[in-house]
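Each of the next two complexes has subunit A plus one other chain: subunit B in the first, subunit C in the second.
Up next is the complex of A and B:
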């Protein structure tokens, strides 16, 4: 069905199609439409929407709902994302499937509430304390927001990790044409549940399986959930050997299965001498710039990470060994640039065009910078 | 062929709604369209703008950089959003807006949009729809048929006649230019 939607609206459409039946959060610009539309739509499909007293309880209630077997989501922006960090760590350690949407605005602090930014990409990776697995996906269009929201739920269910859908004010608020598919065309992954009568080890992995089976709280399986290091029974354990086993297993999720998780777009990169690297809303500008630059005779391609974490390291590394340089552009002071420098590892120069004043970098600005650095 | 439009005014004047309507009418005409917006933290007041790009092709960069058409309903919005760098752009301002004669704009029109809504239709709230009728009457960027259908679809039930009158008043203003 053809619709004309905002990215934020497409996110809710995707979430509902993925099976979201619980939303809790606290409204904040520029993410509010996600809460607004979830409030309208969830009761119609037998779901629940709760506006909580703040962002902390917003994610906490979603964690609780997920433990009872519902697919849950919360959305926020700017300072709200900071408030959610502690519970993101809890969800990572307790292995609670969850989708957290962050529609990035200008920061730090209250910053620029109605303007775009991309200053949360490192916070999305390391915002909560301690080593932890995280998956972070970033869409560049209304249609991709729809599909990545579905993917975020599927990955959360499959790997029992919190998944961050990292959008920005550009993709969140822009309206575009979207063709919403029939639900029968969409692949949905649901968490594995234990069989009745089994001896249940809530944090023990069955042979041949990826993560522990997850019983719905209240369904008859008694178990304990904690943010402390725990053994297979779910009860706290101070054993260093147990902590090593648990952390190794958690941290391996996004490494062992990275080929299933990692996603990126490489446009005109086969013959490219130079790359422009952009992601999320900024890649719209980069795509337009790359097309103009190619018309002007430059051999340039676009590399766009769709999964920011884990980062498409192998694909970028292969290209970094071939090109004369990479121009990274993002709406911050160079966060993903650090990652690109690490991967390029001195094999080619990494140039940068960024800003953090709430303005979008236009294709014209990018073309001008490219022609300066790629002489 | 890509058309870039900027509709500006004060928050609450319905310019974002007008932008959505224009973009949806363009989709109904079989074209591509993207709509974006920019506004301050206020719920009402403040300068607000909606931007629409209409194209026969894929639209990569969603923001307007070189508008072909600018509408400004208030002095504040005109000061902030009328971009004189493209002197060929069509600029439509409400008659209450004063622009320096030195702008060099070749296609500048001052039109009683708000006054028409207030006195001819009797409801200032339809100034955005009068403006849509005026823009489409002047430029034919979308078909009048799909414009009207989209206005009726997007706006609350019970306001059909009011909005049809507002569209017609806009078309009439266009004919007088």
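Up next is the complex of A and C:
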């Protein structure tokens, strides 16, 4: 079905198709349309929407709902994303599937509420305290927002990891044509649940499986969930040996299964001797710039991480060994640039064009910078 | 031989608990189990949610669906559990700090919504787990590790706070008055709507020691001598009421419950 939607609306359409049946959150620009549309649509499909008293309770209620077996989501922007951090760590340690949307706006603090920014990419990775696994996906269009929201739910269910859908004011508010597929064309992953009668170790992994099976609260398996380090039975344990086992297993999720999780787009990179690296809303300018630069005779390609965390490290590393340089462009002061420098590891120069003032970097600005640095 | 109630409702392999000798948290926890037993609830349909604190360790010992969350957020997690599955009987265990300091916002909003959660506040007037700092219920003038010269803050009356915010059931009781406690917790769980039982507890280790309140037995005796039912107090001459603290069932009214309203909304949208 062809529709004309905003990115934020496409996110809700994707979430519903993925099976979202619970939304809890607190309004904040530029993410509010996600809450509004969820409030309208969820009760019509038997789902629940609740506007909580703040973002902390927004994510807490979503975790509670997920434990009863419902697919749950919460959405926010910068200041609210900061408030959610403690419970993101809770979901990571207690392995509660959950989708958190952050429609990024400009600046720290209240910053620039109605302008785009990409300053939360490192917070998305390391915002909560302690080492923890996280998956973070970032779309560059309305259609991709729809599909990545579905993917976010699927990955959350499959790996029992909180998944952050990191969009921005550009993709969140822009309207585009989108062809919404029939649900039958969409692959949906549902968490594995224990079978009745099983001896249930809520944090023990069955042989050949990826993560522990997850019982719904109320389904007859009375178990304990805690944010303390716990053993396979789910109860707190102070043993360092046990903590090591648990942390190793959690941290391995996004490493062992990285090929299944990692996603990126490589455009004209095969013959490229320069790369422009951009992601999310910014890659729209980058894509346009690359096309113009190609017409002008530059052999330049676009590398666009779609999963920011885990980062498409191996693919970028292979290219970094071949190209003369990489121009990173992002709406911050160089957060992903650091990651690119780490991966390039001195094999090629890493140039940078960033903004943190709510301004969008235009294709013209990028072309100019490129022609300066790639001389 | 173990007590049959313990066998039925507790995870015997997780006991003994971590609480200090003389701590009254165990008394309140046992009262919750007796209330559940008398109501004949199916254990599979009971979910106990707590925050962080000595009191919040209780769910780990109790044989239900149990959720030990982050500091102050028990009611917020519980709201999600209850709204997502209203069939569950959701009971929240929370300390005075957990519930009325860091979690105060969630308390007033859960009460305002009249969502069918039962909150049992283990109010020992102190932060036990972190070693005796003052809480929003530490009486003015009392000492705590962070109030070495006496507390200048004014305390909350958590029961009144919940009533003011819209709780449709609220009772206050002490760890000494166990018969009343059993009755109030039973009524609170049976109540449709937001209910709160504030159980005044003793922390001999920190609050008691800092304020020279004597042994656990002396602290319990103080509760016995000072708390009277507000209905009894109403009939007393003023000189006999002096220095007394009031307890009892302060409110018990019917009002539409939040998850039932939401389910009605879903039904309405069907046609």
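Methods note: the second predicted complex is superposed on the first by the 375 of 375 C-alpha atoms of A that agree within 3 Å, B and C clash if a C-alpha of one lies under 4 Å from a C-alpha of the other, contacts with A are read in each partner's own complex, and residues count from 1 in each chain.
By our rule, a contact is a pair of C-beta atoms (placed from the backbone, for glycine too) under 8 Å apart; a residue touches a chain by one contact, two chains touch by 3 or more.
Predicted model, so just to flag it, every value in this text is computed and none were measured.
Contacts of A:145 after superposition: neither subunit B nor subunit C is touched.
Within the superposed three-chain model, A:174 lies in touch with subunit B and out of touch with subunit C [touch as defined at top]. In the overlay built on the shared chain, the residue A:362 is in contact with subunit B alone; subunit C does not reach it. When the two complexes are overlaid on their common chain A, residue A:284 makes contact with subunit B while staying clear of subunit C.
If you count the residues of subunit A touched by subunit B and by subunit C, you find the higher number for C.
By the document's definition of touching, of the two partners only subunit C reaches A:48; subunit B does not.
By the document's definition of touching, of the two partners only subunit C reaches A:56; subunit B does not. Within subunit A, no residue touches subunit B in one complex and subunit C in the other.
Those residues of subunit A whose C-beta lies close enough to touch subunit B in the complex are 2, 4, 29, 113-115, 170, 173-177, 284-285, 287-288, 291, 360, 362-364. Interface residues of subunit C, counted against subunit A in their complex, comprise 14, 43-45, 47, 49, 59-60, 63-70, 73, 75-85, 87-88, 105-106, 109, 262, 265-266, 269. For subunit A in complex with subunit C, the residues that touch the partner chain are 21-22, 24, 43-44, 46, 48, 50, 52-54, 56-57, 60-70, 72, 86-87, 90, 216-220, 222-228, 235-236.
On the subunit B side of its complex with subunit A, the touching residues are 20, 23-24, 27, 32-41, 59-63, 65.
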